[in-house]
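A short worksheet on the structure shown next.
Per-chain numbering from 1; labels A, B, C, D and E assigned in written order.
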Amino acid sequence: MPYMFISTQIRLENGPTNVGDEYSDPAVMNYLGARKTTMLGNNFSEYHVDDPPRMVLDKLEKIGFRVLTMTGVGQTLVWCLHKEIE
Amino acid sequence: MPYMFISTQIRLENGPTNVGDEYSDPAVMNYLGARKTTMLGNNFSEYHVDDPPRMVLDKLEKIGFRVLTMTGVGQTLVWCLHKEIE
Amino acid sequence: MPYMFISTQIRLENGPTNVGDEYSDPAVMNYLGARKTTMLGNNFSEYHVDDPPRMVLDKLEKIGFRVLTMTGVGQTLVWCLHKEIE
Amino acid sequence: MPYMFISTQIRLENGPTNVGDEYSDPAVMNYLGARKTTMLGNNFSEYHVDDPPRMVLDKLEKIGFRVLTMTGVGQTLVWCLHKEIE
Amino acid sequence: MPYMFISTQIRLENGPTNVGDEYSDPAVMNYLGARKTTMLGNNFSEYHVDDPPRMVLDKLEKIGFRVLTMTGVGQTLVWCLHKEIE
């Protein structure tokens, strides 16, 4: 699981922040304190936390994930992170 | 074929993920388990998989492709990957 | 606090520039001369300065933050900065 | 001419790909097999090829240009390439 | 002044290119041959040149500025450049 995405909608100063999908590493999701939910109308689940994205990035840096790039699509901001495999 | 694009529409947490065009390397398309299709009204074909983009990136890292950059255009998210030529 | 975001709306040639959220490092906010405000209708506060984003980036470089990436989302331009932890 | 832009509209899986402007290096345009055209209503000319952008990037890598970054603006995808000056 | 922005509207193949704000380094603005103007309705001034952005990047590389990242916001393309401080 070297790649990871986090995303937030509309405002970057507050949460919630989406931190994972159905197949995300449970150990990382647990470390972030993320909750697994299925949004109404979606046929897939996702993980989110209440922290704003900046705090999530700071936490992920401590376990080796670094921001590669960030982009906006529609009203969503997405960060793509990567962890070097030892 | 040092460059590669993958893309997904609207949501990044699930597939399908577009992984190639008509001229993509068949060995890489086969490795990803991609299917070649021609969308109604298009005069070109493309390759896609059911995996979400994060899992495709993880698989591509194993054969040497790394994310250079990512962007959103309209409702589509695009990743540009690169593999160093030996 | 290795990551930091700054953002501006519509025009990049002038301020104000948003430089922090509720949990931002007060020492960095003070260094930038930022004011904490809560926008009408928001349930969170943010920090901003009157300087244009270019001047904020120049100031932040002096204390070790470097631009990783920049993106547009809606009418907002966002810069993602990072400071190496010693 | 260390910098170069290429761009494509709407779909990234097929061409044409815009590869240059009026002042682009004729040797590089010739290497790519690009045609110079002036679009109706424009007061400037541009170069394009029928290849999809991925194939253009692969060709440009062979003569020293590498992708620095990519972005979407409106319905257009733009790649910014750079060649180190010896 | 380690950071610099340049931007252009709608088309990347021709100018004008916006190269600075009110507080930009006059020596760099002079080197680029930029004119300072105040657009109708704006309470701030900006610098622009007639060259397309690619030619501006080529000129700026000669005095040490390199492209860090590029993004689209609305109909505007923005490049963020950086010069290492000796």
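The criterion applied here is as follows: a residue touches a chain if its C-beta (ideal position, glycine included) is under 8 Å from a C-beta of that chain, and two chains touch if they have at least 3 such contacts.
Nothing here was measured: the structure is a model prediction, and the numbers come from that model.
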Angle of the C-alpha superposing rotation, subunit B to subunit D, to the nearest 5 degrees: 70
Interface sides of subunit C and subunit E: same vs different residues, half threshold: different
Mean-CA-position distance for subunit B and subunit A (Å): 21
Centre-of-Cα separation between subunit C and subunit B, whole angstrom: 34
Junction residues of subunit B, two or more chains touched: 69-73, 76
Subunit B residues within the subunit A interface of the complex: 10-14, 52-55, 57-58, 61, 66-67, 69-73, 75-77, 79
Parts of subunit B lying in touch with subunit D, wherever the complex brings them together: 1-5, 7, 18, 20-24, 42-44, 46, 68-74, 76, 78, 80, 82, 85
